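Letters A, B and C mark the chains as written, and numbering starts fresh at 1 in each.
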Amino acid sequence: MNKLNNMKKSTKVDFATYLGVIIAFIVITVLMNNGTLGRKQVGLLVPACCYVVMAVSLNLTVGILGELSLGHAGFMSVGAFSGVIAAMSLAEAIPFEPLRLAIAMVAGAVCAGIAGVIVGVPVLRLRGDYLAIVTLAFGEIIKDLINCLIVGHDSEGLHIIFNFKGLKTVDDLGLLPGGNVIIKGAQGATGTDTIASFTAGVVLILITLFVVLNLIHSRTGRAVMAIRDNRIAAESVGINITKYKLIAFVTSATLAGAAGALYGLNYSSLQATKFNFNTSILVLVFVVLGGLGNIWGSIVAAIVLYVLPEALRSVADLRMLVYAIVLILVMLATNSPKMKAVLSRVIPRKKGDEVNE
Amino acid sequence: MSKKFEKPNMVPVPSHSIIPDRDVGKSPILECNHLGIDFGGLRAVDDFNLTVGRTEIAGLIGPNGAGKTTVFNLLTKVYQPTRGTILLDGIDTAGKSTIQINRMGIARTFQNIRLFSNLTVEDNVKIGLHNQEVYSTFSGIFRLPKYWKKEKVAHERALELLSIFDMQDMAAMKAGSLPYGAQRRLEIVRALATNPSLLLLDEPAAGMNPSETAELMENIVKIRDMFQIAVLLIEHDMSLVMSICEGICVLNFGQVIAKGTAEEIQANPAVIEAYLGKKKEA
Amino acid sequence: MEFLSYLISGISLGSVYAIIALGYTMVYGIAKMLNFAHGDVIMIGGYISFCAMSYLNFPGWLALILAMVVCTALGVVIEGLAYRPLREATSLAVLITAIGVSYFLQNSALLIWGATPKVFSPIVEGTQNIGGLSVSNISLLTMAACIVIMVVLTLFTSKTKMGKAMRACSEDKGAAQLMGINVNRTISTTFAIGSALAAVAGVLMCSAYPTLMPTTGSMPGIKAFTAAVFGGIGSIPGAFLGGILLGIIEALAKAYLSTQLSNSIVFAVLIIVLLVRPAGLLGKYVPEKV
């Protein structure tokens, strides 16, 4: 009986999460169509979707696998630029925008997934803070490498050069007449067709939820959580630690790549520095404040924490200061034993939260 | 079974086999020959020889720091032995990893409980079934028919295993919130779920009250009879060891000082000395 | 000759990293937390001495001392208000709080001093000619300061009562408390020392690279942390070695390989070192006990 209730509880939460996303989509679409939302608010929708996917996917690494990653933006970056390259070079071949966007997102996901394997194999051997600092290092390396990238496309196909010494320019691509430059080194991608749409964003969120939630409730997810809870015990029951760590990490990177592609195709110009360490931290804050391992928490935190500071642009200078203070206070309120004691007296304990022994 | 006792320097060790009669004639499940490991200069375990029969309940005892848990860590390849061989069901386990050892048939519990404490009791057992009810990550994400089939089997099997210890009602509880005794029992269930042929229990009765211990003893025998497996256990509770272990091996300072049945061990002067110290010389 | 001058500029840069890394490593060793706000304390130190010199016309040495005093106080206040209540919390919670503190310091600096870079006037000017190489006085001062600080810290942690208390706390806080060590005071002192070092590093760094912005501290902070990990976090000689090596690698990479990728090369070396030696060059790897 107890068991049945519990099964219902976890599926109920998952179901509510899907439903919430769909309802939010319908409400926002209605508001958009009757003109309640201004251009400024509408402009926030696609990036908000991207950050939701980023937060949910990072939660897979940090909350479910239990490894701190400080380089998640690096995978977003790989996805963004490979997505932009794919979309721009297919511009003539596939004029139908939603299809091109979908292909670009798949390309971004695949490239970020490959990057995830390359980074994950060495990194996941390390533990704790060492792993964190190395993911940070990889994130910065990815950013620097993309900064060196010059890419163009013409009738002969893609032209790519790495500008390691900073001496090469777009002229070195040797593009045929009619070709166009997609990425100009440190200037980033310019002149991108902005084909990203809110609908695509919501679809991506739903796909992400489908992958992450189903993964968690499967044999693979259990193995991943077993590694998080007790690595030595997981090994003792025959779980291949490296394999499952890598599955979780690469899935997380892949989803971040898809989000990156959508993000990249939402702006006509984009630089690699956008995806620096601070972006990784921003997403990590979403995950921690939303609750580790709590998927709908990540969604809510990402939306609130992304939209709120943007909405407060009028008080520009103060907003980040306020954000910092709120962040510190929330962390103190939720983690300090004294504050917890005070809070538990104010807010009566939820029923059924505690398991009677 | 031929047994070698190269260390006759202390007291004569009984030379007969400790394998129970019903297992005689069958090949042993575990054979350790001259097993040893050094940590730096320290010989933590040295020249450890042990044979465990197919369905034997064997005990490994000795004072604190004697190297009992180290033996378990050697058997499960948490440490790779410096010397000697371990044969599991006649197969040499040299160079195998902890994971491979589990798949070959050794499962263990831990002295300091190591559960997946944020997961439910049922999930803990299902994780034990990881290599029993197999389907791919892909089937899991896309919920292919294999997922539903295997999950159903895993669910039923988990409840069945939990029912050995009467824990099926706790299936939905978080493992970390269980009382201490139940956590120890859950660890045994999880180990059993991996379908072992040899179960290693590291102080299964630690922290249990006498009635819980008595129940545990019954259950260990029950498990052995149900699954027809061998059990090797480390325990400080002598009432448990002496009443259920058919063969007992006593370890002190990393070396075997005695082997035999409960009566033989209790009468062995070397064992008494190891536990109580030397009598004052007159 | 060219190589030598690159090497010296690398050692000088590395000395700055080493000074920051020494503070980082002490704080990590004792509080077991990634103090992301450490880099921003460097920046505050830079601004304080900048203000002291340009508005109050303080001489360089006095500005340095003022910066050290302010940063020490700042470090102690940050520890007491933001980190102390989280002593029992998960390391991730502390990390996020540290990030919050870092945002707070950066944005406060932005409000007070604005986004436009300030031009910092070096506390020491001029150059020396050593064997045909011209080396700036600030480089010499940085290197000397680094060596002095490292020696003093080593003596402090091994000889003094407080230093021993610090080492005890970093091994086992509970046991240290049972031995009558005031853990909170010890951690406070560690933060004070770390922040004072950050101020010194800030002033020296701004003297060598004279632009000062609210974000000035973050990259050196991250790199110094890298240096500390590189050398083996928690180890004082490790932080020194890691800092110097990192500076040399960065300077040589900039000179001979690629300016754009110099940071990446530094990070790549860190990754390789950690893969070969998971606890850094001088760190001890302690496997988990089963």
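Basically, contacts are C-beta pairs under 8 Å (C-beta built on N, C-alpha and C of every residue); 3 or more make two chains touch, one makes a residue touch a chain.
Since this is a predicted model, take the numbers as computed values, not measurements.
Interchain contacts join each chain to each other chain, per the touch definition above. Each chain gets a centre from the mean of its Cα atoms; the one farthest from the centre of chain C is B.
With each centre defined as the average position of its C-alpha atoms, the distance from chain A to chain B rounds to 44 Å.
Between chain A and chain C the centroid-to-centroid distance comes to 31 Å (mean Cα coordinates, whole Å). For this pair, chain B with chain C, the centres built from the Cα atoms lie 50 Å apart. Residues of chain B in contact with two or more other chains: 78, 110. Contact of a single residue of chain A with at least two other chains is seen at positions 232. Among the residues of chain C, those touching two or more other chains are numbered 290.
Taken together, the chain B residues at the contact with chain A in this complex read 76, 78, 98-99, 102-103, 107-108, 110, 114-120, 122-123, 126-128, 130-131, 133-135, 137, 140-143, 147, 150-151, 154, 169, 171-174, 177-179, 190-191, 193-194. Taken together, the chain A residues at the contact with chain C in this complex read 62, 68, 122-123, 125-130, 132-134, 136-138, 140-141, 144-145, 147-148, 163-166, 186, 231-232, 277, 281, 284-285, 288-289, 292, 317-318, 320-321, 323-325, 327-328, 331-332, 334-339. Chain C contributes residues 290 to its touches with chain B in the complex. Those residues of chain B that touch chain C in the complex are listed here as 69, 73, 78, 110. In the complex of the two chains, the chain A residues touching chain B come out as 2-3, 5-6, 210-211, 214-215, 218-223, 225-226, 228-230, 232-241, 247, 293, 355, 357.
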